[in-house]
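Same chain, two partners: subunit A is paired with subunit B first, then with subunit C.
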Partner chain A sequence: MSYKINFYADLCVACGACSVACMDQNDIDTEKGDQPYRRAYQTDYTDSGEKHIGYFSASCRHCDDAPCIAACPSGCLFKDPETGFTVYDTTNCIGCRSCSMACPHGAPAVASTGKMAKCYGCNERVKAGLKPACVAVCPFGALKLEEA
Partner chain B sequence: MTEQELLLRAKLPGADTGIEIKHSVCDICTPGPQCGINAYIKDGEIVKIEGMPGFPGSGGVLCTKGAANRQYVYRKERIKTPLKRVGERGSRDFVPISWDEAYDIIEENLSNIRKQYGPESVVWFTGYTKWIRPWLRRLCHSFGGHNYMTESSTCFRAGRMANETIFGRDARGDVMGAPHLMVGWGSNPFINAYPMGRGFVKSKEAGTKIIIVDVRHTQAAEKLADLFLQPNIGTDAVLAHAIANIIIQNGWQDQEFIDSYVHGFDDYRKMVSQYDLETAEKITGVPARDIFTAADWIAHIKPTQIGTNNGIAHHTNGFNTHRAIMCLNLITGNYDKPGTTLPVYDTFCDMGSGFDTHEEEFMEETRTPKTLPQIGEERFPLWNLMTGDAQAMDLTRQLLEGTPYKLHALCAFGMNTMMFPETPLFRKALKTLDFMMATDLVWTDACSYADIVLPVCSSLERSEVKCYPGGFFYYTNPAIEPLYESRNDVEIMTELARRLCPEDKVLCSGYHECIKYMFREMTDEIEKGHETGLPVRSSHFRPYIPGTYLKNGPSTPSGKLELYSELIAGIDPSYGLDPLPSFYNADRKSCKNPVSADSGADNTCIDYNDISSPGCGTNSSGCGINSNLYNDCGSFTLMTGARLPHTIHSRGHKVPWLRSLRPDPMVDINPSDATRLGIAQEDRVRLFNDTGEISVLANVTEVANKGDLHLIHGYEEANATDLIPWDHTDPYSGFPGYKQVRVFIEKAD
Partner chain C sequence: MDKYAVIGIGCAGYNAVKSMRENGFIGEIHIYSDVSHPSANPMLTTYYVSGRLPREGMFPFGSLEKLVKDYNVILHTDTRVRHVNASEKQLVLEDGSSEVFDKILIAAGARAVSPPLGQKPKGRCFLMRSVEDADRLKQVLEQENISSAAVVGASMTGIKVTELLAEKNISVTMIDMADRLFPLACMKETADILEKDLTGRGIRLLLRTGVDHVEENGNDISTFLTDGSCVSTDILVLCIGTRANTELAANTEVLEKEPVLINRGIVVDEHMQTSVPGIFAAGDCCEALNIQTGSTMIIGLWANAAEQGRIAGCCMAADCNENSLPDTPPADGSPSSALCSALPAYKGSIPNNITHYFDQTFVGIGDPNLTGERFTAFNKSGMVSAIHDGRNIKCINILGNYRISGMVKDYLIKRITGQGAFMAVADMGLLRNSGVPEEFIQLLKN
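So, the complex of A and B:
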């Protein structure tokens, strides 16, 4: 079975609860400049001459044919066949940022540890039948764990 | 990574990881949602927080702030031990002492001051959190005093008072009753009260039409509104009156309901008749056709629920504005029917849950007759009459002036100095005290002014009772031991009671016994609920049946729903309080630019109270807002307190995870204003007026209307209330005009 964390923009208000739940789940040290693996954004835009505010939450898309996997010279990134999430073991990561540059969404980043870090779909939680932290917290159901 | 490392990283509860789940409650915002928490505990430490599935109201999710509870609990600024001041008042020069020594010092000082100057010279203040209020109120009374005051002097209480003058009780919207139209006036329920936001979303999905009225272009405006009205700041009452006027002019009012249940219709009709569409458009900036549509919908769609939130009352005309909005329910007959506005019956700690407790008796039975006026009583008589409490917004003045009598001691349980307008003046006022004690979770500015500081614990480290709509109560158990030497606030109050008023056996008996005293008809349920540590629906729950209250006669002086408040009519006329919810301009009349005043430039604004005034037009330095009645002197209207999702008051600003979502204090400014002033995104700007000055970054966004600025409060390095004069207050409620302050903005060098 393969999963995706799908985002429903209509339901999002960019409150950032997803980001904070990710920080809590993954012990993100923001004081060292590290970023959560999912971030919320609010932005002005115009549609048919009308002014609007847009709200988004973005993270790794866990692409089927993930370019980051191919780009990594150390073979850190791979697919978990059980969940379909793009996961990693950074033991051999050299912090070269090839993955970041290959990703169309800029999802992988090099953390203060010098190693790559990104969303891994809360892989073990999902395998245990739980939702990813960001999905579990979302007050408005804008993030959903769904079968791909 | 090994399998074990992966499970630990995932923080999966179980024997493998040694992680267990304990139930608790989030008390960062209060007292509304207060969501159930599953705390993941390993070796006595919280390693992760999640919502508690199936919890009443929250349904298992958390908001941005709640998700940060782990960092909130383990903050670096936690106070570790009781502390005694050794340096200057206002400095951070303190030394650790034992609890016994701290209690001895407090007892000695308060006993002496009571003996020498009387019990009224001691002030009892409580800010956040609110779970301790019944205890502190009783302690103040048992001590012999009446100067109990809370942060509700600036929060929700004015709105409740306004509702009480109209309906005789507080009011709430009946979302469950399937309204066909919901009017969210000043409501952005997605932020800070997401269960309410979800109620709106559900209603919309079921086909309910929604009108959102807000001075900001909010999430609610974007996601919910079938009709969005964005009035100029402080003109909401004009909008409400214009809507009423259209309804009455067209004969769309519910005359049968008015004849049966409403008091003061003729006076009200005359008052609103001044607000024709043209006048209203000019003052509010809302297009006349939108005002008409709103009136049409409100008059013809039934049932309609017209509600508003706390922000409306945070103007110096806020009390009447709140009344003006809620009066629309009366003329359209939208009250005490399913899907309309219903009366509120409190259960416990300002929460109506559908069963009764003896909270009021607990708080009031040791109150003695007053011999002196309470703080604020001489300036805000309606506040004292309706709440029975002192009004904290007169504390600065009474401390400094010493009239009508001098205050000598302050016991501050969770005081935020930045709540007090013109905060530097408040700090100066605190220096006049002979003795001050402060309790808090973390070090705050107020602690610096205390003689004794006591460390209190968070909601995850204590046991407490919460009540929820639908008949639920929840008696928590601690998820972890109190950190350091911290204790819970009620423990402290109990010890103070034992030392200062030992004759009050109930108060001296401690939290659990007091709960049993207040919930005396349901002690078995309470004990059982405490044992399980899970939310319980009480067998005493009796859902309210709409129509009951009106049938028995509203508890107002006239026995009817009051457009004309007989309670306000009974206040000494010299205070100039209008029994009708009339509009007056809440802008400060003068807006002297402290910089250009020296150059002799004319910065005087016109008196907007005269609604027939043509206005002075948009001058060369003006902001060019639609309604040229406003912002015509180069200044802007600052609205402080515009909420961000990741903080409530100052509570998120120093939690690193939350702070990382917006690292710098930022003021929202409309793109056209920013362009005109040469201000770009994240430019540093100065906000200033003749009261104060702060420095923040610019956030250029259409969220802000032209001529308006929005800034969240509570930043120590950019305190929004530094810009608000101490006496910029609503004469009805005493509330500060947080949401309408005249300031100047310029790009910093």
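So, the complex of A and C:
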């Protein structure tokens, strides 16, 4: 069974709980400059002449045909056949950033370790029947783990 | 049962084989490789020499045994194909023997060029492309006392070689005939910043001068330059560029048909088929669509090779009886494009590069040598600059803020292909939150 972490913008207030949960789940060391795999943010925009504020939570989309997989020169990225998440083994990651160049969503980053890091869907949690940390903590249900 | 040949087992060849099997091809697949090792990535050679990767790390698809087991292929390693007889779909091998196939994929890659050395480098002169090149340089760096090096070619490979040598406290001189660093990707304004950064790290940079000839005397390499000067170092590494391996498809005898069309690379259509039906090409040896120019061009990138291999494999695996591969090429000799519309098509690409060296990250998208209005903006996360004419963006350079590179490239491609009128609010916010100037976002949107 394949999953996606779907985002419902009309339920989001960009409170940042998802980012904090991600930091906690993945031991993100912000003091070293590392960032959570999920980013919450707001932005203003104009629609039909009216000004609005949009609230978002963005991370890896776990694309079906993920371009980061083909772009990785070391073969570090791959699909988990059980969950469909785009996961990785960075043993041979060279920190070249080709994955970033391939990703149309700005998901992959290089951590302070010099290796790529990005959302992996809390793959082990999902395999164990749990929700990803960001989904579990979202107070408004803006993030949902759903079958792809 | 059909029998296919794949010449070369780099990224394109591997992905083609994978795609053939995934798309139901059950016939024999014969792979011809002139080396004995598995699929290697030339980009990883410098990381192996630097010590950041183990030797097996250069082979991202694993062992040859795994290839045979996963995809049931017949391997012919250390076997050089001398010629492809296109009309007969026949491979002629170096030993004179030959074999006929139903379809052939040429995925022979590219090789590093070394005109100043005249022949295969030896002694203390090196190239940096193949596994053998990497093994040679690593051995010399580990076993000899090297204190100075000349690196010819201010290219993506040249900068990685420079980095690894400098990190070993070797004094490096970079030489290039061009007027700037990364001349095929970098705008002059960006290059000025990068060159200042490089020289500040103690790298000697000699631009606008080429190599006339090289003399080797014992442990001393004298590189004589076209401006009359000479650089004496312990080693010389040539990173001048690559040339597509097109020779085995050249001068093919195709009775009553056009031969395989070759420019700088083997020209292919959107299904990776050459001008001769049943002969395909993919990867660094081929020219495919550059969406910025509308012409075919070699854009030698790992991701392109993977996608081209996937497309070629799928199209080769397809049932070609009546509704797919045409029997005759177009009268003008151009690659045929009349394959079944249900088959996947290569959408094309634009030149794009990302390189990280020392603590610098450079991103180049498009052609920096096109003319137009210049836009440059600095912020805390780096620099972004563009060449545009108000309507079309021709080139983008980014320093530092690499995480936006994929988004920016994607929107540029959408604009070029006519899909770019709308930018999602979420993406706009992500760019803003990444420190991208509003003016640049508007340029990308409009």
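By definition in this document, the second predicted complex is superposed on the first by the 148 of 148 C-alpha atoms of A that agree within 3 Å, B and C clash if a C-alpha of one lies under 4 Å from a C-alpha of the other, contacts with A are read in each partner's own complex, and residues count from 1 in each chain.
The criterion applied here is as follows: a residue touches a chain if its C-beta (ideal position, glycine included) is under 8 Å from a C-beta of that chain, and two chains touch if they have at least 3 such contacts.
These numbers were taken from a predicted model, which means no experiment stands behind them.
Participant: Using the superposition on subunit A, tell me whether subunit B and subunit C clash or fit.
Facilitator: After superposition on subunit A, subunit B vs subunit C: fit, no clash.
Participant: With both complexes overlaid on chain A, does A:P73 touch subunit B (first), subunit C (second), both or neither?
Facilitator: A:P73: touches subunit C, not subunit B.
Participant: Classify the contacts of A:A102 with the two partner chains as first (subunit B alone), second (subunit C alone), both, or neither.
Facilitator: Only subunit C; A:A102 stays clear of subunit B.
Participant: Examine A:Q25 and indicate which partner it touches, taking first as subunit B and second as subunit C; both and neither are also allowed.
Facilitator: First partner only, subunit B.
Participant: Can you report the least C-alpha distance between subunit B and subunit C in the superposed arrangement, rounded to whole Å?
Facilitator: 10
Participant: Considering only the defined contacts, which subunit C positions touch subunit A in the complex?
Facilitator: 15, 41, 43-44, 47, 52-54, 57, 60-61, 302-303, 306-307, 310, 352, 354-356, 361, 363, 402-407, 409-410, 425-430, 432-434
Participant: Within their complex, state which residues of subunit A touch subunit B.
Facilitator: 10-11, 13-17, 19-21, 23-26, 28, 30-31, 35, 40, 44, 51-53, 55, 89, 122-125, 128, 130, 133, 136-140
Participant: What part of subunit A is in contact with subunit C in the complex they form?
Facilitator: 9, 39, 41-43, 45, 54, 56, 58, 67, 70-75, 92, 94-98, 100-106, 108-110
Participant: Looking at the complex, which residues from subunit B come into contact with subunit A?
Facilitator: By the definition above, subunit B touches subunit A via 1, 6-7, 9-12, 48-51, 60-64, 66-68, 70-71, 190-191, 194, 197-198, 201, 217, 219, 222-223, 645-646, 656-661, 671, 701-703.
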